[in-house]
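Note that chain A is present in both complexes that follow, paired respectively with chain B and with chain C.
What follows is the complex of A and B.
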């Protein structure tokens, strides 16, 4: 176990260094939720002829930030695999005495850490603008809630990584996932305005709960009753692990699918 | 000699178009991805835009304009990424070959633009059908000849715009950031967000944007809602397209000259 943990730490270090070199990506990820939420707020102001309630802007700001985190997490797994395929790094990794799961987990944890960093910057700006310093403690607790909520999403990342090894095209794999998550998870609007079937899809995915818990925590009305569905989300982590393993044994290793 | 030269250019153009068609259909997974993603993105965009004014979900005219707005958004987005593809051409050393064969960058990007055309039409049709089914937008086209004329003008304009855009971003470190930002600016400048939803003074700002005459014309022809006289709009859109032919040609030549001079056509 100690060996695996050391391997995870070593890969994490490399991934974090790699991330620090990508300043443009990090900058854009921070800028994007602010830009898009202000754009829709501007459109709302134009249509209504007066400035809408600023709480609505905050609602979308938090939602778009979580959307950005979801996109980064799913895309980063897919792109990690793609680059690994092109550079033949994946061939060596599958042949090495290291569990491929550790590699995928390290890549996902890095993007998760980046996501939390983004949330800290964007969310802090939003909280200060809308609530001043009064809700700051709630905001920091919400960041912890978000960090825990991202854990089940690692399971989805494992599935994305496995399907990318087979499908080869990272964007083509992560794009449908991003589209489904964006639409059904109540990030930019409440899911109550969606058709019933899309509400169900949203409610079985972890992203919806991440956004709901974070908003509730910042506003100070999150209690243990709200969290009752939270443990069930860990099914994604367990399910993701088994699906990844299934793909790995039956398609990736068997058919040598990890080559360029 | 002139005949020989135009034959050469024609041959290069057909080669690029063939390359684009082959690239698009080589990876069936892309098509599948578009078919799954587009309906979701359409619902997402509709509901995000009307988030502050949900009463618009009962206004068929507004919903129809929004539907065509999303159609042109898909079209513009696809060509922005066609322009962005120059980065891959540079990274993969393809631009080296383009320079060596004395090919214009605009011609080189045609292959990628053809992919954008396929992409726009497949995703565009899915978007129209989704919006009509889920939100009840009307699929009737108000002025069919003008609609097709404006669509052809837009395809020519955005193919050339992609090459101008490519030349402007090629030396940037993270050009995809600019592409993403442009994706959010263009809907405002092009009439993708229906101008009739805004007060007239705000809507009239669009008249100063060249993108409105190109993209907004498609929406106007489809919905029958015009900010200015349709004939004047058509003439202005043709003039803008002619201007971009010259700009694209000029910038493309300058880019090739500077790359040849500085030897910066490839990353390594």
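What follows is the complex of A and C.
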């Protein structure tokens, strides 16, 4: 177990170092939710002829931050596998004595940590603008809730990574997923306004719960009843693990889909 | 004692083949078919063959990167099928000398990373990485980003990476491909030093000269099957390839009964192609001595492995 933990830390460390040397990406990821939420708030002001309640901006700011985190996590897993196959880094990892789950989990955790970092910066700006310092404690608790809510999303990342092995093109997998998440997960508007089928899709995806829990925590009304669906979301983690292992064994180690 | 033993390794891959404008069918193509060989401890063993011959597929099965359809291999006493994780602990691999690195990290950071993947703690990995950069001659560039490295430097870093956990077996897939002659020579010297230090080395190459000069034993592989194996000398002897015997005759422009050419010193040189160079040379020297010729330089030119390769592969292709 100590060896596995050391391996996980090694990958995390190099992935984070690598990420920090790509500052432009981090800057864009922070700027994106602020830009989009301000744009939609501006559009709303134009349509209504007066500025809507500032809470609506905050609602969307949190929603778009979760969307950004979802995009980063899913596309980084897909890219990690794709780039890893193309650069042959994954071959070296597979030739080392390391559990492949550690490889993908480390990549997902890196993007998750980046997501939490983005949330801390963007969310703090939003909380200070809308609530002042009164909701700061709730905000920091919400960050912890977000970190826990991202765990089931690791399962989806494993599925994205697995499908990238045969799908080859990372965008073809991560972008439709991001489109579904942004439409159905209650990020920019409540899912209750959606047609029934889209509501169902939203409710079975973990992103919806991440956004709802975080908003509820910041506003101080999160309780155990709200969290009753959360344990079921861990089915993504378990399912993702088995799907990934199946794809890795059958399409990489048996069929030799390294690279090309 | 064998460090690697491959027994009937067989691997097929699915390929889609178009049968007409509308229909494509899936077929299984043999990449490697019943390949068996043994690599002894502290030996440099070469896999030689043209592109697509099955060299890399064979190596990938031995590295546990690919699961064979049939057969198996025992590496350092462990089966690639039953104990793949033990096999991985005992091998170091170079699959593409310029790839597999984080370009935005330094050489040292990359080595420490790989060291930790093999279970070393950060301090141990760092100490070993420093040691290896000195061994491969990268100590002055160890803290530069890999993206600034030349191909030769990346190849050295790749070898350092394969040695980070001090494995008894090192597997090198085309370790000098794309390198300039000086870098390639450095890598070859490094390989020889590794073998002297007790490592067992399995390498693939297109470069016949390299294989001939590095390897104790070689297998020639074509279309996934072994077509010949032995020491470079045995391969040449098996195919009965001709040696060239050249004898310079001083102060003479021709020699009776022999075909000659004039060298740049103005002397006649007798040139004979023979499969038995020792007998031919002894008889020729006796005859020349008897006829009172003054003998100059003597050369016996061995057939190269390239000729062996061309003969074996050429015969198969009907060339």
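Methods note: the second predicted complex is superposed on the first by the 260 of 260 C-alpha atoms of A that agree within 3 Å, B and C clash if a C-alpha of one lies under 4 Å from a C-alpha of the other, contacts with A are read in each partner's own complex, and residues count from 1 in each chain.
The working rule: contacts are C-beta pairs under 8 Å (C-beta built on N, C-alpha and C of every residue); 3 or more make two chains touch, one makes a residue touch a chain.
Since this is a predicted model, take the numbers as computed values, not measurements.
In the superposition on chain A, contact is made by A:24 with chain B only, not with chain C.
In the superposition on chain A, contact is made by A:91 with chain C only, not with chain B. Once the two structures are superposed, chain B and chain C can be ranked by residues of chain A touched, with B on top. In the superposition on chain A, contact of A:203 is made with neither chain B nor chain C. Looking at chain A, you'll find no residue that touches chain B in one structure and chain C in the other. Interface residues of chain A facing chain B in the complex, by the touch rule stated above, are 24-25, 27-28, 31-32, 35-36, 39-41, 43-49, 52, 56, 60, 167-169, 171-173, 175-176, 178-180, 182-184, 188-189, 193-195, 198. The touching residues of chain A, counted against chain C in their complex, run 3, 6-7, 9-11, 13-14, 17-18, 21-22, 87-89, 91-98, 249, 253-256, 258. Taken in their complex, chain C has these residues touching chain A: 11, 13-14, 31, 57, 60, 63-67, 85, 88-89, 91, 93, 95-96, 99-102, 104-105, 109-110, 112-114, 116-121, 161.
For chain B in complex with chain A, the touching residues are 27, 29-30, 32-33, 36-38, 40-41, 43-44, 47-49, 51-54, 56-57, 134, 173-174, 177, 180-181, 184, 188, 193, 197-199, 202.
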